[in-house]
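As structure tokens, here come the structures.
One chain, chain A, links the two complexes that follow: it is found with chain B in the first and with chain C in the second.
Moving on, here comes the complex of A and B:
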């Protein structure tokens, strides 16, 4: 490619940047990208609050308790036994509970709620008439568990919905939006090869999608880690491949933008209505695990699944749709996945370039 | 390299709808006006010239290049469409300069060409305002600046005088004339016939997708044989002169002008009529002026196309 092409591509990217980043009608894309960040941030805030409450309980406790101490308490145990094992509760309150004694009669029973904690786990006991009648145990969430939740949100929501529809909004608009605005001839009346125009627009869309969704991925990770101590985070990053996982998620995000971007750019050249291609691609991607081996390869999610650092285990109680989405019957190696996804994207862009070469616009009133 | 814009048996159909049919044209440099009512095919011809649409049949050639070669073609051609094509949020200056960057001009060249174009359309004072906030006339001018900024040899302009105030309109017409004088093709479409009459070197009359007539307006008029030519004669004795005309078999109608100081004569043979006028002058009539009064675009259009008149 000669220097003129690069000059033209950079000019197109500069012009398109404003449209892709700052379009009013693209606001929903930012909201979609930031939704999981808000989710993880809220989760972390709740966990931080609860962790603080447990720490206060430990400070108020008569003795240092262990997880074993907490889980040694059973229903029917007397209040005295509980006190003997765990000491006086650091948090205790009494509530009156109405209990039915017959069809039209009830009595009020005073119930003592006793809370204990070892700093990580929390035990809440309901004591009536001097005996334990109810037990509620809550465990603090570990980073390992949260990583698994992150993987689920990333695969089920972020990849399949947020990036998918975000790319639909960004890339389908590149040509179709300008045809609707009657402004595409700004480019078509210049000495720019149509293929160069397509590449320029694709790169501008890719830049926007990558920045928006990679930033979201990084922020999600940061929001998730907010609740943990610095030492836990350092250990996770250094010893438990936290940094590698984060890099893998960012890589998958970029590759998803490359793949879905190419598909929706081509769709924008072929379809007037974005709902038709969106529905078709969404179903195609969801049905990937049950497609014949050859057809599977013409899918973006096929490659992305094998690149995700966590594989979602299929739980027997999982709803069938989630099981279908999570299943990855034929995982492939990382290098084949990256190469395959790029190859599919290039093939789609080549097909789109044929279409853009023959593109006619006629929105005159003549 | 050819200096003509050539349409060789070009047809364009939008599905079952006719755009233009069997168009054969060879347009020389100068100002050429496409005239016709809405739907007559003016914009279709312009879009075909610039490759925005492709012919269903036939070939288009612009100075020897086809519209399938945008990389070369748009160094020679500038097209100002009816529609704004400004990227959102740009100022008038940025609209033109970003357009020029697509031509591969560097920043300094773009800046120089942008200011030159903006000055030519007289929009320097408003150059740094957002184009979206421009009035209709200003948008028309910045579109014109955009299309001529790279100094094209062919300027295609769809309704370029729409929305311009009289002063700017006169300046713009002067600009077209200067460009045409410099050897440029200025192809413009218009509904306003008296404007076309004033500025065109040649006209292409369009009707329902067909070229009804083309060429210099006077030569087009002389080819319309089924409508006698109407000539206004200013003289000292119009009544006497009228009786002379009635004796001629090619004169089909003679009317006294409203001010009673002239005659309106319709003749089927203008050549014989002018020979007769020479004889009349020798017979002692004081003839002040002899001028055809229906060889303007308006009359020609009316004769050729009839009811489908564009705006006068």
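Moving on, here comes the complex of A and C:
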């Protein structure tokens, strides 16, 4: 009997694969997954360009500068003082700036823009009438800083929005999409148990979601590392737990697909309009930190945040309500988190299997 | 009369004036709108907060008469630009949810069932069709945003005197203009998605995704590229910047008001373009 069930499940997965991976209706999910990849790729390209410009500046510099030299310059210093400390600027240009002197009068003041760099930091000075009137400092980004930014984007954008809405699109489409296409009755007329049909569809959706979003996570990580030298990457991967972090992000992505997938599969069986469950789950997940301890365990983000490799400290200027929603007051152990998430997903799937046994089709209502 | 004697005879009754023809669509759509109990209940819930504000304004001026609160010096609620800005924030969230429910069902059934030809073979232009469909959202959302807002404003004016009203007339303008901007953005986004996606329920989910995803991705752009330009794709933030300016809130917005206006104009123009591309009586399929 078991072999029959497995044969049926694999047949359903095979049929559903084409629908989940190549459906025209699901193309937006690829865009959703690729958007952060494009973002990190753009970031790396910008950083590579800026790093190249700084290196050229170092080569043109009259002398080797340090970070201390650059940060010793202050507003009001004379041009001669600046040149005495930093040497002739490797990049310099003059612009005429119009300055108001009265309500209807203005004068044109020539402004010299002088740029210096130590290879990592860049200092841009505005000099008017022989004195420094403006200072702009920019620093190159270290891999540590970038991995922290990656953690923030992963937790607050990729998990909560991209995977969330991606799973909504994939898993609600499994049953509701068939209803819209008026093709679900073909499945229901076959000698397959309804639970087997549901498991087959769930596994097909899970496969698609996992492949799409795990690939996106890996590509984001690769895009982020593009801007750094091979030696820096090797050190990060071997000594600074880079590989472990990447594995953790991939694991969290897979678990998120399992968790949200089960919820949206059940929602697709219960609701005709996906807005209702989507808004409800979104609010439930966002309100997780303020829920009582018992209710917290019935959400997906509670377990996922505990598995993320970085704890994101909140911006002190963040409004209190947002800070409350973004916080995770009591992280739990890794094993409990994995077990808890799988338990919640199985519970939801069991509830969905009860619903699917009593499923009746009314195409006209859709 | 025998069937063979029946022939085409043009309608000879009274016709609707050209200028208000689009409102025929509104009249019929409104019936469908309130046929659903859930939507009717939700619409009523949307009016709870204005009612609460009204009670707050009333209590604000009459609390001194109540003994146990008479110790307090001055009103407990400042009815000013900030008050109306918060009112609009709350009502805008309700308006968004209502649009997600009703917006996608306005155009998609006509396109999915090939019914557009039936509209356009009548003396109704494409522009009037779009205007008629938009008016459903425009009028419904007006009833829960700027109309109750103006009622609150005039109630406060009647309590505080005409001098208050004259001094704060700009607030009334801000309520109306701020609401109209939000309604225009919501209506055009909902109709464009409805026309292109065709599946009513998918269009609703996409509208939800458009606003949430835009906000999230905009913040991700800001964090990764160390810029503030990510807010340009966050529609709710753009509208919030405009409201910030209209209600004369203190503080520095992340983008300039002109940038916010330009971005919103570009977005609404794009939605209108998408809509007009789809609203055609005949579609040539190659």
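The definition used in the following text is that the second predicted complex is superposed on the first by the 354 of 366 C-alpha atoms of A that agree within 3 Å, B and C clash if a C-alpha of one lies under 4 Å from a C-alpha of the other, contacts with A are read in each partner's own complex, and residues count from 1 in each chain.
Definition applied: contacts are C-beta pairs under 8 Å (C-beta built on N, C-alpha and C of every residue); 3 or more make two chains touch, one makes a residue touch a chain.
On a predicted model such as this, the values are computed, not experimentally measured, just so you know.
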Based on the superposed arrangement around chain A, label chain B with chain C as either clash or fit. fit
Between chain B (first) and chain C (second), which does A:342 come into contact with in this model arrangement: first, second, both, or neither? neither
Between chain B and chain C, whom does A:157 touch in the aligned arrangement: first, second, both, or neither? second
In the overlaid three-chain picture, which partner chain does A:226 touch, first (chain B) or second (chain C), both, or neither? neither
A:182 contacts which: chain B (first), chain C (second), both, neither? first
One more residue to check, A:18. First (chain B), second (chain C), both or neither? first
Cα-centre angle that chain B and chain C span when viewed from chain A, reported as a multiple of 10 degrees: 70
Based on the superposed arrangement, let me know which partner A:193 touches: chain B (first), chain C (second), both, or neither? first
For A:250, using the defined touch cut-off, is the partner it touches chain B, chain C, both, or neither? Pick first, second, both or neither. neither
Could you say whether A:362 touches chain B, chain C, both of them, or neither, answering first, second, both or neither? first
Least CA distance chain B-chain C after superposition, rounded to whole Å? 15
Would you please give the residues of chain A that touch chain B in one complex and also touch chain C in the other complex? 366
What residues of chain C sit close enough to touch chain A in their complex? 97, 100-101, 199, 201-202, 204-206, 208-209, 212-213, 216-217, 219-221, 223-225
Spell out the residues on chain B that touch chain A in their complex, using ranges where they run on. 14, 38-44, 47, 50-54, 70-75, 77-79, 81-89, 98-99, 101-104, 147, 158
The chain A residues in contact with chain C across the complex are 25, 28, 32, 35-36, 39-40, 42-43, 46, 149, 152-153, 156-157, 160-162, 165, 168-169, 172, 176, 180, 272-275, 278-279, 282, 366
Taking the touch rule as given, give the residues of chain A at its contact with chain B in the complex, in rising order. 4, 7-8, 11-12, 14-16, 18-19, 22-23, 182-194, 358, 360-366
